[in-house]
Every structure is written in C-alpha cells, then in structure tokens.
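Each of the next two complexes has chain A plus one more chain, namely chain B in the first and chain C in the second.
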Partner chain A sequence: MSKSITLNHITKIEGHAKLVLGIKHGKVTRCELSAVEGSRYFEGLVRGRRFNEAHEITSRICGICSCAHVIAAISAVEDALGYRPTEQTETLRILLTLGERIRSHATHLYFLALPDYLGYESALAMASKFKPQLHNALNLMKTGNFIIKAIGGRDLHPVSATVGGWLKLPKKDDILQIKKMLIAVKKDAVKTCSLFSKLKYPNFKSSTECFSLVDKNGYAVLSGEFTSEKSSFRKNQYKDFVKEYHQPRSTSNFVVKEDHAYMVGALSRINNNHGKLSKDAGKILRSLKLELPSKNPFHNILAQAIEMVHCIDEAIKICSELKISNEQVERLELKKGNGVGVIEVPRGTLWHEYTINDNGIITNANIITPTAQNLLNIQEDIRAFVPFVIKKGKKSITLDVEKLIRSYDPCFSCSAHFLEVNWA
Partner chain B sequence: MRNIYVFGNEYIEQDSLAKRLASCIGTRLNIVYCTSPEQILDSEEKEILMLDVVKNIRKPIIIKDASQIKSSKMISLHDFDLGFFLNLMKAMGIKKKIKIIGIPPKGNISEIAKEVQQWI
Partner chain C sequence: MDAKKLKLGFYGITGCAGCLLSVIFNEDEILDLVQLVDLKAFPFIKELNVDEDFDYVFMEGLVADKGDLETLQKLRKNCRFLVSLGACASTGCVPAYRQYTLKENYEHLLYKKHAEIQDLQPTPIDSHVKVDYYIPGCPPDKKEIVTFIKNLVMGKQPKPYESPVCVECRRNGNQCLLDLGKPCLGPITAGGCDSVCTNGGLECWGCRGPTKDMNLELMIRILKEKGFDDKFIQDRMRTFVGLKLPMLEQVFNVKINNIKPHN
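Take a look at the complex of A and B:
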C-alpha cells in the first residue's frame, strides 16, 4: 500500500516550508523538506556597505530574532577589526539576547507548540479553557519585550547596539524595572516547565549530533567553542567543518558538519551545558529525570521551557551586578580583515561572517541561521520517525510529522538564501 | 491624559496612515505608538482607544467588538497581530472595552482627522 503526503504549507512555524513524503510497502521512499521562501539576498545586500551598517541591514532578516542578527553582525565586524568589546558592552549584549530568548520561547511554546499537544487547532481555540496558561505566556512575552526595548531602544530591530559599544545606555531605573519584572515573572516560567513536563512526547531517538556553543565560564550565549558530545572547534575554523550546499528545490541552504546532519537549538544547548544552568533551572531539569544527552527532538520544547527559567535567573543576576558607567562608543581603526560572529539565539547557533577592506567596506558576507543548520536534520528525523507512525492514517501521520517539525521551532523566513549562479 | 494606541508600519505605505495621522488629532491624547499588540495590556483605562488602518474602507469607522475583526488562526508568529490579540483577550475573558478608530489606507489626512475628531 502506498501513501503520498505533500504539505505545501506547513503551519505554525515561521515562514513557508514544503514537505513531500512518499511511503510504499511500509517504507519511506521519498522525504524532501524544502524552504519555499522567496530569496532574501541579505548577504548580497551588505556587500559594498560600510562595516557599521551590517547589523542594521541584517536585523531585517527577521522581526522575531532581530536582536540576534544585530549582535551576531556586530560581533563578526568587531572580530574582523580586531576589537574586543568592554565587559559592560558584552554584558548588555547578553541581557538583550536573553530578553529576546524569553520572548521568543514563550511565544513559540504557548502559541505554536502547545495547541498540538492539547488537541487544539490554534491558541485562540484553547484560550477559553487555558486562560491562566496564556496569561503566563503574555507575562513572559511582555517581560522579554520590555528588556529588548529598555536595552535595545526598540522592541523590534534594536537601534542602541552598535560596533564598538552602545549608542544609548540604559538608565539605572530601566535596569531596576527589568529586575523587578523578571522576579515577578519567574513563577510563570517555572509553571511553564511544569506544564510542558506533563505533555506526552513521542518516544523517538534521533541519530544526530547536537551542537552548541560551550564556554567554560558559563551557559554560553555570545562566546565559546562550537561543540558536540564528539567534537569541538573554534569559530574561525567553522568553514573547515561546516559546509553549506544548495538543493534546487529549496531556497534555503542545507548545512552539514563533515557531511552529516546536526542539530542546534535549546535541546543541544541543554545537552552540552546542563551543568551550567542556573540553580533553579538545573533543579527543574533534574526533577524531570530526562536522560542526557537527549536525542529526542520533541524534547526541544521542554528544553526551551527550562531555558526560560535559566534566562530569567541569568538576567536577574546581570541586573543585580550591573553598574552602568558612561562608556562612549569606541571609534575603531579601519583595517582589512575577516571576522566571524557566532552566538546562541532562540532557535540555535547563528553565524555571521564579514570580510572588510581597508576603507571599512564589506566585500563578502556569509550568514548561517539555526534553521538552515537544522533543515537536513529535520528531514532525516522525519525519514526515521515516520516508520514508527506508519500504521496510522494519513491525517495522524501528517499531524505527528508537523509536531516533529515544529518542535525544532524552525524559521524558514530567516533561512532562505539566494541561489548562487555559475555564469557560463 | 487618555492614551491612544496607534498601530501600523511607517515603512509600508498602505499601513502608515495611522501613524502619520496620530500627530494631527489634537493634544488631548497621549499617543502610544505600538509595535506589538500586547502593549495594550499596559492600558489601565476601562476602554482602550486605538487607531489603525483598515483594509477596504473609504471612510473612517468605529469598531467596538473584536469579533468584527477578521483574525488569522495564528499559523506563525507573524500572525500575532492586533486582530488575533483582541480576539485572544476576548476568549481569555480579559474584560476591557475596546474602541478602534479604523481609517482607510489612503486619503486626505486633514479630512480624515476632522472625521476622526468626533470619536475622541
């Protein structure tokens, strides 16, 4: 008996993706996941622009994770110019990134992932029965938004962060207000962990390698080595290990590490950094008795819930210790160079690389988003997962596969690249 | 001073009129430019006053019930728009009266401002 499933528009994810699945005699004969977003051309757009424009332009790759692209672009440009930011600059960048992660995880968990597990079509359909849970979500989102606005100057596409420092520093009152809100909202993050720990996740184990940044100084956000349980390498070596390639069917690059698919995201971060979680996040993780490293991609949403508690604790710690001094933006000496910025963002590891000439003009750029890195892995997971649910009807298989895809929290809008053309 | 929550995107012509109009509608209101719908949760007023562009209208209208607004099922985070959010608030039982001044995507600003004044 053969089945063919084509999902032309996979819902409750960012952007547009398509899956073609062929099943014959109980075996998966075809499995093709593609990003079908229009080409974005961002790497081309920054070529010819000044070094201090990259973060403003690439921020527009995504409204959901605009802070991520701002900070990754700035880090790459500073790396190219041989500049190391001050401790205060770095700390504020971490705080901005944590705020975005709280907002993004809360939205994804409650509005895109949870309806699947509770049997609803959308968050709106479940709103009347799950009021307290959605209140938690809104509180968490509001806190994340406030952090981004107070530190970044706007809640979308932040404008305060720049190459060499901060154009506008937050006031002492802003930091106090952030801390107050974080303390108040922590209980909602803990409740989120409790809610997501009670959901029934399919028992599936991927054969993947989980990569994330690992930093000896703590739960990595803006620094560290790209590490899995098997290997580790420094950011400037990434092209020796990570390869991008195109498939004619997809506008997003596919990415492999030494010819194999790999996974990035909250689950990878927890797998590689669980010993560095905050006290309360670590306690919650241990209470779940999750076998680590977990290779079940459905656990990525559980990992996001745990990360929210950690991010809140980390942000509270930063706000408690931070004494803002009136640092001016450093005027950097222009020189040619190549730099890589790699940071952990809501959906996984984000890479920006820029080559700059003597006049500060960007001559080359490369951006690898978390979803581009996860794309092949998601496809391979679908291929491996479908045999477990193959006896179900087409509708159930479709829902299970959609749940699997959504558990990665993919963003296909961000992953879409332009196709390279070899002109004859 | 009463808040008016103004929505829209100044970079998209068809969605920019509410933000351009806001500065012309008098000084009796505190204008709050919103980039995300959950900002209205901060409102402490019994009735939330909003200004937004409405597709397919030629004259300003008043909307007082969220069910009048077409809302998506939220298939992505980009669908987290005002319509979705107001319907979510209603479904969650967040009891706040709403008054949305809906204006057309294009038109003469001073004429639209005059018509809008009656609802402020």
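Take a look at the complex of A and C:
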C-alpha cells in the first residue's frame, strides 16, 4: 500500500509552506517540508543603510513578531557600537517583548492550534459553542496589543524603540493602565492553561535537543547564554556552533547545530528555565505532572499557555516597580564594529547580526529566525511521527501532521530566505 | 449561507501577515464583523476555503515569485472587486526597495531554486492586475479596515484619505519633527493613519504613499537644508513607496544606476 500526501497550502500558519510526504509499505519514503513564501532579501536591503534604520526595515520581516525584530536589530547595532542600554531602556524593551508574547501566544493557541483539537475548521466556526473561550483569547490579545501600543507607539511594527533608547516614553498613567489590564486578564490566561491541559496530545517523543537563552537572573528574555541540557555558548560564538544551509525547494534556509536539528520555542524555554517561572505559572506547571524535560513537540502549545501566565506575572511586576524617568535617546559615537543581538521571542530564539563601518553604515547583516532553526526539526519529527499513525486514513494522517506542524507555531514569513552564503 | 451577504475572501501572498493580523486584531469587533458577511476564505485562520465567486477579495502582500502571480491572477478572475490591503500590495513596500538597492548587496543571498519558487521582480499587485480599492499603510490602520468593510456592507463607497500626515499630526498636538531636524516625510505622505508614527516620536517614512498634490521638490530642498544628503533622501523616500515615486529619477537628475531589474 502506498500513499502520497502533498499539502501545497498549509492553512492556519503564518506565511506559506508546503509538505511532501511519501509512504510505501508502511514506511516513510519521502518527507520534505519547505517554506514557499517569496524571498524578500532583508539582509541585503539593510546594506548601505544607516545604523539606526535597520530595525525599521527588518521589523517588516514579520507582523506578529515585529517587536522582536525591532529589539533584536537594535540590540545588535548597540552591541556593534559598544553601547549598553540603561536599565530603564532595557526594562521597557522587556515589557514590550512580554506584551508581544502574550498577544502572539493567545493568537496562535486559539486561532491556529485549538480548532484542530476541538474538531473545527476555524476559531470563528467555534464561536457559537465556545464563545467564552474566544472572549478569553480576544481579551489576552487585546491586552498584549495594548501593552505594545502603549510602550512601542503602535501595535504592529512599533515605532518608539530606537538605537540608544526610546523616542517616546510611556506616561505613568499608561503603566498603571497596563497593570490594571494585566491583573484583569490573568484569569483568562489561567483558564487557557486549564483548557489546554485537558486536550489529548499524541504520545510522541522527539529525539531533539532543546535550546533557549538561559540566564541565572531569571526567565531569560534579552540576556543569557544559548543553552540546552547538553551545551551552552555565548551569543558572539553562535557562528561556531550554528550553521545554515539551503535547499532548492525552500525559500527558507535550514539551520543545524553541529550537524543536528534542534528545537527552539516555548517548550525549550520551559524545559530549560522551569525553575524560574513565576509562582503561579510554576504551580500550574507542577499540577500538570508533565515530565520535564518534555521532548513531545505537541506540548509546545501547553508550554505557550503556561508562559502566558508567567509573562503576565512578570509584566505586572515590572509595572509595579517601574518609575519612568525622562531619559533622552543617547547619541552614540559612530565607530566600526560587529554586533550580535539575541532575544527570546514567541517562537524561539531570534538572532540578528550587523557589521557597521566608521560612518555608521551597515555593510553586512545576518538574521536567523526561530522558524528557520525549527524547520529541520519539524521535518524530522514528521518523519519519526508518521509511522505511529500510518494505519490511519490519509485525512487523519494529514490532520495529525498538520497538528504537529502547527504545534511549533511556525512563521514562514519570518523564515523565508535567511541564508548567508558568503560572510565577508 | 445568506444569499444577501457580501462574499469576502482574505488572502496573503508574499508578506509579513501583519495586514491580515490587523483585520483580526480588531478584538472588540471581529466576531460581530464576520457575522455581517459571508467569509468564504481566510486561509490564515481557516482550514476550509472556497476560492471562487467572491464579491471582494482583500489581498495582502506583493508579487515576489511565480506562485504569488498565479494566486493573484486566479483570485482577480474570481472576484468582482479586488482590494489591495496594506503597503506591500499597494506599493511593494520594503521588499520592493530591492529594485533600488545594488545587486551586490543581495546577490550573496541568491541560490538555485526550483522553478515554482523562482523570484520575480518585487512589485505591487497593481503592476499585474486591476485593483479597485486601496487600504494603504504598513501596517494599515486596523480600524480603517473595519470601517471599510462596514461601508461595503451598507452599500457606501469607501473613500481614500487624501490630506497629508501633517494635518492629523498637528491635530494630535505633536511638535513638528522636521523642525527638530528629523527627516519627516509627513508633508508629502497621505494620512489617515492618525499620524501614529509621529505620535510615537518617529518621523514619517511615507508608508501610505504620496499625496496627489505633493510638492516633492520643496520636500527635498527642505531635507537638504537640514543636512541630509542625496543618497539618504532617495533611500528614505524609496523604502516604502519607491515604485510610486518614479519622478525621483528626474528630480535628482541621476540615472538610477541600480534600478536595473535583476530578472
């Protein structure tokens, strides 16, 4: 018996991807996952532009994680110029990032992932039976968007963050309002954990290595070393460990760490940082009796739900302690240099690297997105997972495979074409 | 399905998904809004999509490869009206800036690709098919999308906003960023965005496209007086809407060396 499954347009993901699956005599003979989003060459577009233009341009890589690209680009440029941001600047960047993670996870969990598990074609189709749940989702998204708008000036492609500080600082009232909304929405995040803990996840174990930033000072966002259960390295060493390669069938490159696929994202973060979760997020995690580290990629959505509670707690803490002082944007002295920015974003670890000349002009750029890093891992997981469901019909296999792909929350807008062939 | 409801489709070709998210991020309205229409297709958030017989198709993204063009042409045939949603579809946005960058800046990123994902010159959708309406901006104002759809439902013609960004910026009480020496393109850029960038301290980069009656020469003169050089001014003006400013070539009296399409 042989089957061939081609998913030309995988729905309910960000961007465009394609999967070709061949099955013969109960074995997977072909498994090729490709990004088919058109190439946009962002790393080429920033060459020749000024050091403080990169984040405005690379923000356009991705709508749902535009804050992530903005902060990663700014951090990399500041690293190149040898500048360390002030504590207030750093704290506001973290708050912006937490807001984005709440919004992104809520959108992914309810609009892209949940319908598969409840047997609906879309979240909108669930509206009559699951209205309260959809309202939880929309409340969480609204809170995330409010934070991003209040801190970043706009909820998609934020405008106020810049190299050396903030073009506009939030007012005291904004921070109070954010805190109020976060306190009110926390119950929706807790309910999300409860809802997602009751879903039935396929019993599958990936043989992968889980990487995320790990920092002794807390659940890492903008700091720390890139770490798995086996190894750890500093951001400026990333090229020694992480390699990119391309395939003619895909507009996204594939990324390996010392020739092996690895996983980034919420599950990796929880695996590596679970001792640093907020009190309530930690309590929820323990109540789930999840064996950690979990190598089941389907658990990534559960990890996202737990992270939402953590992000809300962290953001409330920041708002409680934050006293905005009227800091001006630092005018940085231009000098040539090379810098790396690395940040934990909704889908995993994001890398930006820029080389700048004496006049502050960008001469080279490299960007590695979470989805590019996960791409090979998703493909290998599909190959390993399909034999468990191979006796099912084509439709059922397809749904299971789509569930697996979606559990990674891939973003093919982001991943499409990020490949460095010749690093000068 | 209710025969009287307008049949809508929301699609994305090459882009960042931000415009489609701008539809969904109307958190207070989205559930009611979809009740007003027959939402036939929205692959970003729907598994079942019927891609024919539309009244309106909202298209995010630009044409960057053959697949984009095929999708666009097919949907154009299958709809009565095509709505260009956001800057990529309307102007080519940042990805189309590649037409103005040196090939040496990105040729190291090129590699051999299969035929169906071969690059095309990055272009807005109106370079290929007729567009009936534009919702500009990177990203578009999310409330503007709701208003647009409600207008369609009520049978009212949506109207483009034509005054420059400065009108809203002044109304919002912002200090003029040009006066502060920032390279703000507000005076030549169509508003309707509630001057969201300048409210947040960032100068306008022109994402909603030039106003019909812009004074480009004056804008350039002001920027030069502020100390910005020709290359900077051209790069800025072309980042979001370069293909809608073909006259820049004459204004700067230079052959656009690097404009040569690479395909």
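Please note the rule applied: the second predicted complex is superposed on the first by the 417 of 424 C-alpha atoms of A that agree within 3 Å, B and C clash if a C-alpha of one lies under 4 Å from a C-alpha of the other, contacts with A are read in each partner's own complex, and residues count from 1 in each chain.
Going forward, contacts are C-beta pairs under 8 Å (C-beta built on N, C-alpha and C of every residue); 3 or more make two chains touch, one makes a residue touch a chain.
None of the values given here were measured: they were computed from a predicted structure.
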Joint occupancy of chain A by chain B and chain C, clash or fit: clash
Give one of first, second, both or neither to describe whether A:R154 is in contact with chain B, with chain C, with both, or with none. both
Which of the two partners, first being chain B and second being chain C, lies in contact with A:L124: first, second, both, or neither? both
More residues of chain A are touched by which partner: chain B or chain C? C
For A:T349 in the superposed arrangement: first (chain B), second (chain C), both or neither? neither
Report for A:L134: first if it touches chain B alone, second if chain C alone, otherwise both or neither. both
Touch check for A:S223: first (chain B), second (chain C), both, or neither? neither
Should A:N377 be classified as contacting the first partner (chain B), the second (chain C), both, or neither? neither
Have a look at where A:R49 lands relative to chain B and chain C in the superposition and call it first, second, both or neither. second
Is A:H108 in contact with chain B, with chain C, with both, or with neither (first, second, both, neither)? first
From the options 59-67, 113-121 or 149-157, pick the one stretch of chain C whose C-alpha atoms clash with chain B. 149-157
Kindly list the residues of chain A that each of chain B and chain C touches, one partner per complex. 9, 11-12, 14-15, 63-64, 107, 111-112, 121-125, 127, 131, 134, 138, 141-142, 145, 154-156, 413
In the complex, chain B touches chain A at residues 35-36, 38-39, 41, 71, 73-78, 80, 84, 87-88, 91-93
For the chain A and chain C complex, residues of the former touching the latter: 9, 11-12, 14-16, 36-45, 47-50, 56-57, 60-64, 66, 107, 111-112, 115, 121-125, 127, 131, 134, 138-139, 141-142, 145, 152-160, 162, 166-168, 246, 248-251, 411, 413, 416-417, 419-422
Residue ranges of chain C in contact with chain A within the complex: 12-22, 24-25, 27-28, 30-31, 34, 39, 42-49, 62-65, 67-68, 93-95, 97-98, 101-102, 105-109, 111-114, 116-117, 119-120, 122, 138-139, 142, 196-197, 199-202, 205, 232, 235, 239
Chain A residues touching chain B - in the complex, by the definition given at the top: 9, 11-15, 63-64, 107-108, 111-112, 121-125, 127-128, 131, 134-135, 138, 141-142, 145, 154-156, 413
